[in-house]
Each structure stands twice: as C-alpha cells, then as structure tokens.
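Below you will find the structure I want to go over with you.
Labels A, B, C and D are assigned to the chains in the order they are written; within every chain, residues are numbered from 1.
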Amino acid sequence: MSSIIGNKLKISLFGESHGEATGIVIDGLPPGVELNLEYIDEHMKKRSPGQSVLSTPRIEKDKYDIVSGYFQGKTTGTPLCALIRNENIKPGDYSEIKSKIRPGHGDYTGFVKYKGFNDYRGGGHFSGRLTAPLTFAGAIAMQILQSKNIHIVSRIKSIKDITDDIEINLQENEIDRLSKMNFPVLSPDKLSLMQEKITEAKENNNSVGGIIETYIVNVPAGYGEPFFDSVESKLSHMMFSIPAVKGIEFGAGFNITTLAGCNANDEFIITENKVMTKTNNNGGILGGITNGMPIVFRSAIKPTSSIGISQRTVDLHEMKETEINVTGRHDPCIVPRVIPVINGASALVILDLILERDGELWI
Amino acid sequence: MSSIIGNKLKISLFGESHGEATGIVIDGLPPGVELNLEYIDEHMKKRSPGQSVLSTPRIEKDKYDIVSGYFQGKTTGTPLCALIRNENIKPGDYSEIKSKIRPGHGDYTGFVKYKGFNDYRGGGHFSGRLTAPLTFAGAIAMQILQSKNIHIVSRIKSIKDITDDIEINLQENEIDRLSKMNFPVLSPDKLSLMQEKITEAKENNNSVGGIIETYIVNVPAGYGEPFFDSVESKLSHMMFSIPAVKGIEFGAGFNITTLAGCNANDEFIITENKVMTKTNNNGGILGGITNGMPIVFRSAIKPTSSIGISQRTVDLHEMKETEINVTGRHDPCIVPRVIPVINGASALVILDLILERDGELWI
Amino acid sequence: MSSIIGNKLKISLFGESHGEATGIVIDGLPPGVELNLEYIDEHMKKRSPGQSVLSTPRIEKDKYDIVSGYFQGKTTGTPLCALIRNENIKPGDYSEIKSKIRPGHGDYTGFVKYKGFNDYRGGGHFSGRLTAPLTFAGAIAMQILQSKNIHIVSRIKSIKDITDDIEINLQENEIDRLSKMNFPVLSPDKLSLMQEKITEAKENNNSVGGIIETYIVNVPAGYGEPFFDSVESKLSHMMFSIPAVKGIEFGAGFNITTLAGCNANDEFIITENKVMTKTNNNGGILGGITNGMPIVFRSAIKPTSSIGISQRTVDLHEMKETEINVTGRHDPCIVPRVIPVINGASALVILDLILERDGELWI
Amino acid sequence: MSSIIGNKLKISLFGESHGEATGIVIDGLPPGVELNLEYIDEHMKKRSPGQSVLSTPRIEKDKYDIVSGYFQGKTTGTPLCALIRNENIKPGDYSEIKSKIRPGHGDYTGFVKYKGFNDYRGGGHFSGRLTAPLTFAGAIAMQILQSKNIHIVSRIKSIKDITDDIEINLQENEIDRLSKMNFPVLSPDKLSLMQEKITEAKENNNSVGGIIETYIVNVPAGYGEPFFDSVESKLSHMMFSIPAVKGIEFGAGFNITTLAGCNANDEFIITENKVMTKTNNNGGILGGITNGMPIVFRSAIKPTSSIGISQRTVDLHEMKETEINVTGRHDPCIVPRVIPVINGASALVILDLILERDGELWI
C-alpha cells in the first residue's frame, strides 16, 4: 500500500512540505456527485494553520486545484486529482535540519529509509502538510456519507491532563453544533482550562497533546469483516497514518479491561423493532463488523514535536551529539487541527467499506 | 483483504469452530527454511485450551497437518497450507445460539452480514479457534525472525485492575525467561493477585480481561512507510483482527497526551556509534518507520464474552427480548492464551515489512 | 498477488502434484448459495484425466473435500476451502527430473526461483494438477453466473493445423450442446481430423496443441475499467496463469491488424431498443469495458511438454548437457482438458468484476 | 486496481484528454536515482503526435512537470507525481460525440459505466493522451533497468498485411539502432511498403493497424510466479491497459499450436557455463517465470478508431440510429506512437517484478 490505501475507494497521496505541491488522487468515487465546494473549503479551513491564536501564525490557504475527474461541477467517476500548491515557503527556517535530526519527527527514519535522498525541508513528505490533501478527500467522502444520513463528528476529550467527562448527546443538532466548532469541547469550563494549557505551552515554547473522541453515526449493521478487514483494523490502519497519533481505542477501549465480563458485554435489546445494545462498550463493532450502534473511538495525539526548547540530538553528518532548538512558527497544540483530518479519514474508510459491500449502485 | 492479509508475505485464513477444520495458507515464505516443529508445537500449546486451571478445561490438541509447501523438512517457497482438524466438538453446547445472540460476540453481526447463512455453531468463523492457524503461521515467522536475532516477547501488564508496573529489562535471558512462562508477569506479587482475580471470576461464572505489552527487539531502523503502511498502521490492522482486542497504543501511548512536548520527544543520542533515543515514548517508530529502538505496544483485551451469568438478549427468530446464559466450558480470562497469538501475528507483520523492503535475498 | 488473485472474489491456490493435496480457498463468495455438487462434479470430470483414449490413462478422481465455508448445503459467505487429496501417485515415474530439467516445463525456473528447495516430483506446484482446485472454484462461479443468465462456453478452434471455421451460433441450445461435449468442435469433419492428429501424436510419443475459443454471453454493458483493470487485462492475467497458455486475443484479435479502420470498427445499431454492434471485432469490450455484446477470446495452448521422445537437456547437478525422455502416462493433447479450466477461470474473473461493481446485493 | 497498478512499484494514472491535465503518481521508486531528463524527453517525443507526416498534425509538446518526489535532480523515494498540462485543446472538434458514440471507441461503455457523467470531450479519461504520463513513468523505469543492463526494444512486425520477417539480431548496437528509429522496421523494403499503406489510409480518411514485437533482454532467470503473477500475466495485464491492444502472444505464440511437442519444446543447452535454451518458443518464460532468455511478445494494435469515413452509429440522447464522421486531426496509424508506450509499460512491469523479489537493495 505505502502511499495508497483503500479497496474500492482508493487514495494515492503525494507531495512534500516545501516542494511544488502536495496532492491526492481519489479513485473509485461514484460519478455524478455534485461537489459542495463551500463545504469542502470550510472543512479544510479547520485544518489549515493560522485560524486561531492557539495555532501557528503561518498562513497557508490550502487552495486546492482539481485537475481531473471533475466535469461540469460533478465527479465523473474517473480518478479525481487535486493539487495544493505550496506557497509561503521559507526554506531558511528549516535549513538546520539537513543534518540535525529533530526529536519526535521522521527526520532520522526518513534519512535511513531514503538513504539521505529525501527532501528534508520542513519534514518533506513526512510533513503534516500532507494531511491537507487527505482532508480534501475526506471532505468529499463526508459529503457523500451525509447524503445517506451518516455523520461523523469529533470532540476534544482531553488536552494534557484536562479531561472533559461530559457525555455526548448524539442528536442531530448536537452533532451539527460540534461540527461547527473550531475547538469542540462539550464542557465550557474544561474548554477554558484546555485553552489555558495551550496558551501556557505556547508561552513556554513548549507543546501539549490530547485525546480526540470520534463518533460515526447511522452506519447500518453488517459492514466489515470477521478478520483482517475488521472495522477496527481498517479505521486504525488509517488513523495511524496520521502523523502524531500514538494510540487508538474503540468503545470502552483500554477501560474495558477493568470491567467484569457481565459489565463489559453489551446486552441486546429491541428498540423500535430494531436490535440495539443497551450499552456501547464495543463501540459499534462486534466481531469486526458494525452492529448499527454509533462507532466510537478515541485517538491519542502526541504533543507537537517541534518545540522552541533546546533538546539533545545528533548531527548525522558529523555523527556527533549536539543540541537543537526548532525555531519557526509551530503549533503549541495540533489537536484541534487534527480533528478534520480524523473525521475525513474516517469518512474515507467508511465509504470504502460501504462501496466495497454494496457496490456502485449504493449511491 | 478480508480473510487475506500481507503484501509480500500473505496469509489466507479459513475455517469454522465446529466445521471440519480451520486452516491457513501462507504465501511468500522463503524457500529452504527448516521448520522447527518442536518450537511451533510449544508456541501453539500456549494458545491451546486446557493448559491451566485458569483456562477452559476443554482440550483441543491443535494438531496441525501441513498439506503443501513443505518438502523434506523444509519450506519449498510455494504456498504452505496447514489444516487443524476440529475434534472434541459438542454441537449441543451451542444449539441455543442459533437464534439467541450472545452479547459481546459476533453472532448478531455475523447473522446480518451473512444473511443468516453463517455457521452459527460455536461462533463459526468468528470463533477464537481461528487464532490457532494464525498462531501456527506466526510461529514460523517468529522462527525466521529469531534466526536474524529479532525477538518478540509479551508480558501481562494488567488483569482487571491489577497492574504490574515493573519495567522490563530487554536482555536476552529476560526475553527468554518471559517467553517460556505461560503467565508472563514480572512482579511475583502481582502475578498472584492477577491469578486470584481470574479464579474469582471463574467461581462467579464471570470473566476478566487485561492488557498485554509486547516488545519487538532488534528490528533495524528504516522499515515501514510514512503514510498508509506506517508500522503502527500495519501492526494495529493485524492486532484488531484478533478477537477481543479493543485498543492498541504504541510507546507511551495514551499517556503521551499528558506529557509536555519537551518530555514526550525522545532525544537522540549516540551509543556505540549508533543513533539511539534516550527515552522510547514513540515505541520504536517515528514517522511511521522503525528507528531501531524496541517496538513497544500494548493491546487491550476485553473480558471473555461467554459467561455463565444471565444476560438480556434478543431472539432473532421470534424477534423479541429474552435472557441468555452461555453454558459450556469457557475461559474466565483469555489474556494468557492471546499472548502467543499477538506475538505470532506481530512476527507476520514484521517479516512482511522486511521481505517487502529487502526482498527474498534477505533470508 | 502470486498465488492469490481477485479483488472482491479472491482465490488462494496451493498444493503440489505429489504432495498430500492441492486445494483452494475462495473468499468473497456470496452467502446462501446452494451448491450444485452434481454440476461441479460434471465440470471437474471434464478436466480430469482418463476420460478418453485421447488423454492420459492415469485416473485421478479429483474428489474434493470442502472443509470450510459450507454449511447445510449452502455457502456461508466465509472463506470456502476445498482440498483434493492426491491419490494414485507413483513418485518413481518422476525421479529422474530431480536434476534433469524437462524442456518446456517449469523445472528449471522453479529450481532457480526456489533455490532448489521446490518439490520437484511431478512438477510440484507447477503441475497441471493445480488446475483441479481452480476448476472447482470456477464451477461454483459458473453456477452463480448461470443463475443470472450469464453463460460461458468454449469450443476447440484448432488442433495443430486443423482449424474449424464454422461460426458459432450463440443460442441457448447450442451453448448447452457444446457445454456437454468433451471434445467440443462444431464441424464433425474437423472433429475427426483433429482426433486423428491427436492419435497420431500419441502413437509417436509426441504431442500437439491447439486454440480454444471462449464465449461469455449476457454480461451487461458497463463492467471493467478504462485502464489497469480492463476486462481484457483481467481475463488475460487469469488465462496466462493457466499452464500452457502462450497467447490470447479478443474479438478479431491479431486479425484485426489486417483490416482497414472502417472494417475494424464495430458500427452501433439499435436492436429491440438496445444499443448493440453490427459486428463484434472488439470481442464485447470497448475502452476496457463490456459493451453488452458477447465477450469472445481465443487462447493458444502449446503442445504438452512431456513427450516420450528423446530431447537435449541439462543435468543441473552435474551441470552438463544430457538427454531426457519423459516417460510416464502423458496426454498427447491437453486442449480438451483445458477447456473447463478456461471456462471456470473466466467465470471467476467475470463474477469478481460483477461483485466488485455491484456489491453483495447483486446476488 | 482500476487506475492503479503494481505491487512494489505502483503507478496511479489520472486525467482527461481535454481537462486541465493528465498525470501519474509513481510510488516505490528507489531513492537517489538521477533522472536523465533528456532521455525521458526523447522517449516521450516518440509517442507525441506531430512527429511525422504519417501521424496526426496536432502538436502536443507533452511537457511534464514533476511536482513531488524529486529533489536536487534525484528521486527522493517518496511518491513522484508528474503532470502534463493539456494545451492546444479545441473542444469544438469533439462536441458532436456528446451524444453520438464513436464506433471502436470507449464513448458508449464510458457513458454506461459512468452514467453519463464522464467527460466526453476527446474521449476524456479514455483518450490515448493518458498514455503520455504512462510513457513518462515508463521512461524512468527504462532508465533504471538500463543501468542494470536490461534493455527493452520493439520493432514493427507488420502494418496491415505487410509483414517484416527478418529476424532480429539482439546485439547491443542493433538494439540501440532500433531504439533510435521512429519507425523501427528491420527490412528497408517492408518499411517502404508499410509507410505506403499508412499514406494510402491517410488519403482515404481511413486507418490501419499492425503488430509490435517487443524484446526484453538480460532479465536473469527466476523472476515471476508459477500462477497468478506469471510474467505473462503481469505483462499482458499491463499491455491490455493500453488502448487499441487486442491481442498478445509470447514466444512462438499462436504459432506454437501448429508445432509438434518435440519442436515446440525449447531444449536446454549450456553456453558459457550458463543454462540456456536452443530455441525460444516460450519467449523467455517457463512456468510463469523468466528463464534468462530474451522475453519476446507481440501485441496486436487495431486500426485507429477515429476515421473520416461515414459510419453508422447511435445517438444516445435521441436513442436512434444515425451516421458519424469523426472529423479532426487523427493518426492514420498509431502503431509507431504505441511503441514507446509498450516499451515503457513493459519496463514498469519488469522493474516491479525485480523490486518485489529483490527489494530496495537491488538498485
């Protein structure tokens, strides 16, 4: 797979942070989908930097250019390629990393894998900028799913040690409200505390991470596979492709290990003539297959690796230990910007699952 | 993918719990590998039931029969198929579930996905028995990796609310010692407490789960991909194929979200002329690619779903709510038996990564 | 792919000629298909040896044993594995080839690829016996397609230099008649001449080949892809997996190169309110996609490589030139036995194309 | 696969004839390859129109723009995307085909598959223009193979009924000479006759096709797979992705069916301490795997479908029969322009086979 993922809906991702462009080819989109460009723009804007005092002041407009697969305002069904030209590039900011590898980044592993030929500027192909075209593709998938009443929404569950324990109410207006927030936290108090943590980190040239909780609602029962394409397998495969994700858990997740079997099991009930479960400790997935309950998962986002604090590292050319201080305009916390990436990436997985089982007639 | 996984080393899994057999086809094995059948047997025995008073008294010998790809004691390089005949089957034990779906199991989702045609006896294709052929394949992969000094070992990090906080010492003799334990816990005190929890659950016809921590040592830097085949993506895809896994985290995992960036980042150092990291919060993976440090991950194993306690459920035929009490000989805790499955499945992923990058000349 | 092929309907092939068994795993079959075992047997019998004085007197019953994915007479939707045990094996017949490579066979390339570890007995994994499980899987696909009125039939177009130029009449009764023939030739005169050629070859310990023409009727327009999964690409990929196939052509095939454009193009007409073409020089495929006309292709089958005539070859152990005379009970012509393999393999490709586009709801 | 092909070296093709651009993403290229842009240009020029009085007078410069995966003159190892902007587009030329489907083209099947939403201008995604980015990717693969002494060369075997029977002499200078010819025919007499046929077709607003014979030399023995990834399977899969190809045969091809087994088999000999075959009727492939002899195959190229002669067709909007006369500047014969496409596409297949078996260390 490498830079390509998907069975029926396939995406092929390319580009470097400071190269000419990043982009994506989406293969397997149903023909005749009228793209809602406003919706896509809005979705991508949430990922783009410079949206808030809490994020990097770098401004990247992430203007995409659809170069194929789109005709008279609609998808053609043939591969849709979109490019995002890189603007506002300051190569000087990153020149130091040619030989000094940044802790927490892919500089070292990229150097080894690509034998020193990778574009090291701004992290090159490893850059978070690659999530821009991914978010573009994800927005299209979200739009298609929404037309079938399948909605994806995420909330910030925690920032550093501040956790929001309010339970989400998966009504349509609540989903809508959260979808519109740039910093979707349910508890207003916790929201303030979280933002304080970020501001504090920013002032200290440090960074913080957090946990994102994602809900996918109205996926019918019966999608997924018992083994190697379990819904958890496919979602986790995709989520761990997003830089900074270091953990994923479904339903009660790691906490389910502390429950007794009688409490962990989700009892079945009948509601409005439909089989449902009383609880949702399994996060909408049983035996690898959707059971009709909301799919729920949490992703652990590590603190931004680029920090303005001196750290020990290695100079690969001189092969000796040294210090590094990653200057530049970095996000003290990327959690809010990761949300549209996770939502969109989830949509790509779910749409692939549906197209794979139900075929092109589904749309 | 569905029942097939892998890029260069592919496995194809089949079978049902109470059908004629379960089995696996392994394609892409290097030719000329002399299989250590004793090692494979030992490894499979750890997964098989009836090994301890703490597990189910059912005895399945898991005797495998290699029907292809194996000639004069060595792999031929052509697809190796192994079958495990099902013996000791008591269909009567499970007849109730034809219409009464067991909470926590794949009965309901299997019924929906396969339109009621799936073999419902003993969970059919969803059964944990399918992990027997997977463990067989995994043992072969482990043997091959060991010949290259790559070792995989797991320990029980927690059972229910009992957590073992002792840090592992990744020396060869310690890896060896843990590999030989049926219930690999570092702290003897915690081991007793954990086993008490399991005994208690057994007496109450209840069940418990836990967390398994896995280490893969001596994988060189440079394996994996920046995006869709990140090492985390591939390992998590595989792990979530194993029944009962509900979460996975790498390195510091969810905990990394509570650290400040300066503490989360693993600083680079030079040790014996090799680039290493001082800490290993990223679990041996940076930018989706191995960095030469041990790969570390934890898997959350939910409590066994089959319990002898009455639970609410639905009778799908009569489409009404009812009660179920899953009789039969069940494990009060499957955590120890999952360890060889996770180790073997990890080996399949790592061997695939290596064969994919280095080709068949690697061996 | 290697020993696995298919996107939505995947097959995984394994086994060796003189090993314990050959077999196949079919993943992605729709659930609830009542297998017509009589039909499968009849179909497999056409491929099995010993059916006629014109083929090898070896008798292999090709009795299959379905070990998974089949419950109460129907497919379950989970992977269906079938084994064909090898009986009537005389290892002595082939011992010479351990070092003496047979011209026209895969002995030498297998030796190189598998570094001498391949099972050389009877050609091992390269044996035509591997087409038995493939034919089994194909019979299931054919049965499913027939239930949707899609029929696949082949005829012998030529044996050596004897060509049957009678045009086929694709009416249902003609398809039926051809399907029942073991040696399906339209012209009775040519049939005799062809059989004479085979008898002559047999008497001379020599062999002959021929051309098989295959028709797939009633596939609706719109299946396939403009580029890398063109219907021609998928069919040819599969056909060249069948031992002895050395060429494939669609519609007018190589002959289309001798026509002027105005004669090569298939003009469009309307018949019974349906778009059709007047001629079918493109063999039912335009731009890689089915156009609703019969899919027509011809496969070139080389003469059986095993002949009882002395040939020059190399002894790999002594690394010197020598002579070989392949004793044993060989077919003087495998063309008739290849027909069920080609028909079944075509069915697997077409069913995969349909399931991929239309999903599981198609059935 | 659809618009993506390859196992280790993957290409993803996109674009429409009259859209903004066509392009390709190449994933899996080894890092550090210094691209020979002059060589690529020269190779692409052979495919581009307007090179001769025998081809279309349309001039497309096929200027490519590498937007990723290329840094400081070398491949980075991350996905390389190249775009070819469409210039010189005259939409007016093609407006008629919005509803009138052109015989021999993908207009009708594209309409059905994409439900009328495909970009119909100039054939859209079905256009031969898509072979420009494919040729670009192929040139890179050819350059890499050449650095390992693997060469690919094609010659025109026939145009319409004129066949060149001179045998090729696979010496390096002959390969070189043929590689430089725009119309590579061995016999000067036949060359003239072939060009006369093309001129005649041009004058009559008609078209002609032909047969291309391709040689791949110095591929070592041992690449490929016994079944579903046989070298013939992979090469034919790719060749049938190229518009206008209707047949492919390896070695003696269809002619091998007229030989007796004793003449068809390639006897083994030892030459310079290497196992070789006396003849090459199997075209360098035995049992699906390369045997070290030159890989030889022939592709049947149908006459250009666009002709300036009136043909019957259907107007899909009015759903009635009508006439069409495809105006515009068309090639009377595309055979010479297909050669660089076939050479390049072959190189992509061979490089994929090599990278898959030998890994990234091969380069």
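Structure notes:
The definition used in the following text is that a residue touches a chain if its C-beta (ideal position, glycine included) is under 8 Å from a C-beta of that chain, and two chains touch if they have at least 3 such contacts.
Please read these numbers as outputs of a predicted model, since none were measured by experiment.
Steps from chain B to chain D, taking the shortest chain of touch contacts, total 1. In this assembly, D is the chain whose CA centroid lies farthest from the centroid of chain B.
Averaged C-alpha coordinates give centres for chain A and chain D that are 39 Å from one another.
Inter-chain spacing, taken between the CA centroids of chain A and chain B, is 27 Å.
Look at where the CA atoms of chain A average out and do the same for chain C: the two points lie 46 Å apart. Under the contact definition stated at the top, the residues of chain C that touch 2 or more other chains are 2-4, 7, 13, 78, 113, 125, 226. For chain A in complex with chain D, the residues that touch the partner chain are 2-4, 10, 12-16, 19-23, 25, 27-28, 31-32, 65-69, 71, 74-81, 83, 113-119, 124-125.
On the side of chain B, the complex with chain D involves touching residues 7-8, 78, 226, 355-362. Within the complex formed with chain A, the chain B residues making contact are 1-5, 7, 13, 101, 103-110, 112-113, 125-126, 130, 158, 160-161, 201, 206-211, 221-230, 232-234, 236-238, 240-241, 243, 245-254, 256-262, 264-270, 273, 275, 277-278, 281-283, 285-291, 298, 300-305, 307, 309, 311-314, 316, 319-321.
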